[in-house]
Amino acid sequence: MISSLESAPIDVLHWFLGLLGSFGVPAWILAIISALIIIGTIIGVFLSLFALTSVMERKILARVQNRYGPNRAGPFGLFQPIADGIKMITKEDLVPRTADWIVHFLAPVVMMVPALLVLAIIPYGRDMVPAELDAGILYFFAVGAGTEVAVFMAGWGSNNKYSVLGAMRAIAQMISYELPLVISAIVTAMISGSLSPSAIVSAQGGFAFGFVPQWFALTPWGFTAGLIFYICALAESNRSPFDLPEGESELVAGHLTEYSGFKYATFFMAEYVGMFAICGMFVTLFLGGWQAPLPFLDIIPSWCWFLGKVCFVAFTMIWVRATLPRLRIDHLLAFAWKFLLPMSFAAFLSAACWHYAGRGPLAWILSLAIVGIPYLLLGNAFTNRFSVSRRTYLFSE
Amino acid sequence: MSFLPSLESPQTIDVSLGPQHPSTHGVFRMNVTLDGETVTRLQPVFGYLHRNHEKIAEGNSWLAAMPYTDRLDYICPLTNNWAYALAVEKLAGIEVAERAEFIRVITAELTRLQNHVAFLGFVLGDMGAWGTALMYAFREREKILDLFESLTGARMMCNYMRFGGCRCDLPPGWLDTTRKLVDGFPKFLDEMEALLTGNEILLARLQGVAPMTADRAINGGMSGPVLRAAGVDYDIRKVDNYGIYNRFKFRVPRGTVGDCYDRFMIRVLEARESVGILKQAIAVIPEGPVVNPKAKQRGFRPPAGEAYGRIEGPKGELGFYLIADGSDKPYRFRIRPPSLINLTLLEELCVGTKIADVMVILGSIDIVLGEVDR
Amino acid sequence: MIFPGSGILKGLAVTARNFAGSYVEKDRLTTEQYPEERPKLPEAARSFPFLVYDGDNPETGMRCVSCKICEKECPPQCIYIIQDRDEAGKAIKRPKVFDIDISVCMSCQICVEVCPFESIRMDQDYELSSFDRFGSLILDKPKLLKSNSYYHSIHPTEAAETDGRIEADRLKKEAAAAAKAAKAAAPSVVSASSSSSQQEGKP
Amino acid sequence: MNDVLEAIRTALPQAIVELVNNPGPSAQHSLLVGRKDARAVAEFLRDSLGFDFCSNVSGVDWPPRKVKETVLNTEMVDGVEKEIKTTVERDVPGYLEAVYHLYSIRNKTGPVTLRVRTGDRDADVSVHSLTPVWKSADFQEREAFDLFGIRFDGHPDLRRILMWEEFADHPMRKDYMAPDDFEYEPTPHDKILAKVKARTEAA
């Protein structure tokens, strides 16, 4: 039973394909059908996850802010996404008269495509990778960069000043954060010796002392690289505190100002799917992918672990969003280039030391020092650079 | 892309921030010229909420102007009431009942508390913190508004002060509820400070942004927390000793740099001082009538003359300049709106900063459009 | 600052505490779930004015004598009164038309304060929204008139005080009338009873 | 106030400055400064006497009026007028007035009230702007210009502030008549309303 639950999705697929095969369907059609089923399942899972998250995000934000959140549509407000969807679809689709309507129309599509494409290489469970690419990570970042074009298309095509400002910000931000994002991901590839996500996940298998999982996030270099990856993931998916392109309080809605109705919903959906993809990548690279955190928890199927971890990371993103104010554009860029980039190099070095110092206590000390010292130095220099200081105030009686 | 060329140069774009904009605190509008993200010119445009309050008041009786003052700075109606009542009392030489003076101090300091905590929330909203701080602030403000409702009958449009006193006495148990709230308030301020004042992003966003020297602040007519943040020790509660403020011990905080962070922190510190004043006032409030029985409300005709009365409102110096000609209507009714005059230096403060800072600077000045446009 | 990022972590701790606290502590969640939960209004709460009548008949028990002081004092001038006249065209102390435009009214309570006949009072009904901008927001006399017992149910303390004042007034008037009656001859009894008839019918 | 007046008179002997008595209980007397001397007096007040804070600038409109007795008159001309006990009607020409309330933040004193009068309120409405002296007068002088029509010469940016640019009149003047249709604006709903009206009339 356990093994069947573990491989249940694959078993069902194989059973279905076998059934079709017994009717004499040629193999190449079977391959296409198989791919279509996998694609359909993934899109279905992620879109329903998106629907669930859009309501959970609002509920979590509300609870952080001591409110109830949506609780009118259906039990606990769970049908809220359906209501939202109906609202979005029935709204008028406005296109400004002076907009470049082709670009304006294409932007949400271009936004959606890479968000869905990158889902192909993520290992969702044991032996559950839709497309087993040897250079999966490379593919992920290469395709993921496509969203930048979409954001810029949206900003430029709208012919709105707020949109252009938002698009300019988005380009500056995404390109700056792409660099530390990739470098921090490369660190894991370096340790595990492969660019394939499945190989990276299996490199994190096993337990030290029998109960401590050997996830990369639990090593000094992996923690640093993971944190950098996480911060960059926030920035790449335009989430608070890096939501400058939308910049609600400054730029109204940034590149989305002139979008309404279903186009807006597509953007919204793409952003959430993109966020899940990058969360999935984060889980794959640093949190042991689909592996259970403790040996005896193996009884729960691996794909459940994967989804659970993704949801946890998404929850922390919502939590961060509820807490932090937005950065300013110059701080944002300085943070990327002057702090995150050097720190990701430090993580790089630290990982190298870890590898060559034998992954023992010495390696711990060395790699901790290599990331810790730059962190304190750089961090303090960085905060002083922006004259961040505690102040004393004078009182007069 | 076919923007109209900017007035300044082809390198810049003109953006009209407002009057419909998420964070201009109402229908304020700024015509901003941007060079990239940097502001090179900023021109405030007023009047979208103008209803000529002064003309309305000049056409009504002296008493009938009182409910209109609620609608000036609708976040803090009770201090507006007090400023008007104070000016009229100066004009006609009316004594204020002893108990009413205490009630005025208590309500005014409660108003200051709720204004300042709401301010913290609004500034964080302007910085894009998704309303978390705002909701915490409103959670506490709600309790103060409930107090106002049980005292005056309305949460925001209180219409409570009268010439020579207040409209009605405190309901039974009101002081106990207030004491409980005041005692719990520092805990809430601690929570707010833990959330906000150490946050590196917030510090980077506020510190060093738009500093103001003391001389410039005085010449520009800044008042209230904005003036004190610039390092000027000037609190009308201390200087004019209006009401009975000389009976309470409190300190006046002042900043050193005069930037957004100082303006932000001055509010937190002032809220803590207000808690102290409230505790003292609740402890010693005497019994007695709440309105001077000699003061006439209906058909009130002050002797001919003029008076300028001002108080330290939560947003700054709120003054009323009244001219009476002996009739039952004000001859001239002029409001000195702190929100409007504190915007005098807005352009100076904003030029050279980023567009995101404009919202923070505007937020740190703390305006309410009801008062700016009147 | 020794440990960069500590302020952010502290902030995250505060929000986490609030997130968990909102499920546990009742006073963190201040929202009222409106149509199901209704706020308990304090006695002083006010919405829009209404007219008090004594007894059961709104027309005869009306306290309003159409003195038009409220009309004159109303800051936004939302009260409109026409005095009633008998067949002979003589003015009688009763309004024929008494309209309050509550789309203009700003709930300031000044009409209540200036009314010398304890007739106009503030209601607490806040569910007044309607689809008709002009018709249903102008309250006419039948809509405005509400019984003294209703007044007692929304503002018990204030209503009791008002009744006490009216009672004292009546007693004073009766005493004056009695003194007058004692001073003069018999026929003045009739006028004494008629003068007090306006304030009859208190619960 | 008298010592301020003395100080001005000693320092600026050629300036026209006179004390305007305030008969009311507030006893806030004011200084009436000649139009040409306002700037010099203001600079002297700021630099030498320390009145560094211009709190309030307000316009006042005094339309032409007939003065018979001292009863209805205000404090502006009282000091002079009271002595003449004749019942002859006298025309006082109308003028506009800009009133400045000054405080000293350095010395914590004030207020000193400065009044500057224009000539005829229709033809000759300019006074010197004090914005170069106190920046805080900027918006307030614009407001006085907008609502009263006082022209402030030397103001850096004298435009309407509250009313829109195309607006012609000055609404705070005493003789301003508000148009009675200012809330009406034609909307698409007018057609619907007309249709509804036609239908109800037909029925």
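Note that the chains are named A, B, C and D in the order they appear, and that numbering of residues resets to 1 at the start of each chain.
Everything that follows uses one rule, which is that a residue touches a chain if its C-beta (ideal position, glycine included) is under 8 Å from a C-beta of that chain, and two chains touch if they have at least 3 such contacts.
Nothing here was measured: the structure is a model prediction, and the numbers come from that model.
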| item | value |
| --- | --- |
| Centroid-based (C-alpha) most distant chain relative to subunit A | D |
| Comparison of A-B and B-C by number of C-beta pairs in contact, larger one | A-B |
| Separation of subunit A from subunit B, taking each centre as the mean of its C-alpha atoms, in whole Å | 43 |
| Mean-CA-position distance for subunit C and subunit B (Å) | 31 |
| Centre-of-Cα separation between subunit D and subunit C, whole angstrom | 41 |
| Distance between the centres, which are taken as Cα means, of subunit C and subunit A, whole angstrom | 59 |
| Residues of subunit D whose C-beta touches two or more other chains | none |
| Sites on subunit C at which at least two other chains make contact | 1, 4-5, 8, 11, 14-15, 18, 28, 30 |
| Set of subunit A residues in contact with two or more other chains | 64-67, 322-324, 383, 388-389 |
| Chain-chain contacts as defined at top | A-B, A-C, B-C, B-D |
| Parts of subunit C lying in touch with subunit B, wherever the complex brings them together | 1, 4-8, 10-11, 13-15, 18, 28, 30, 41-46, 69, 73-75, 106-110, 113-114, 122 |
| Touch list for subunit A against partner subunit B, complex | 61, 64-67, 98, 100, 156, 159, 161-162, 164-165, 168-169, 240-241, 243-244, 247-252, 321-331, 383, 386-389, 391-397 |
| Partner subunit C, residues of subunit B touching it in the complex | 60-61, 63-68, 70-71, 132, 136, 139, 142-143, 146, 149-154, 157, 159, 167-168, 171, 191, 194-203, 297-298 |
| Interfacial residue positions of subunit B with respect to subunit D in the complex | 46-47, 50, 52, 54-55, 90-93, 218-223, 227, 232, 234, 239, 302-308, 310, 317, 319, 321, 323-326, 331-332, 334, 336, 340-341, 343-345, 373-374 |
| Contact footprint of subunit B on subunit D as seen in their complex | 22-26, 28, 30, 52-56, 58, 60-61, 71-75, 99, 101, 105, 108, 111, 113, 134-140, 147, 160-164, 171-172, 176 |
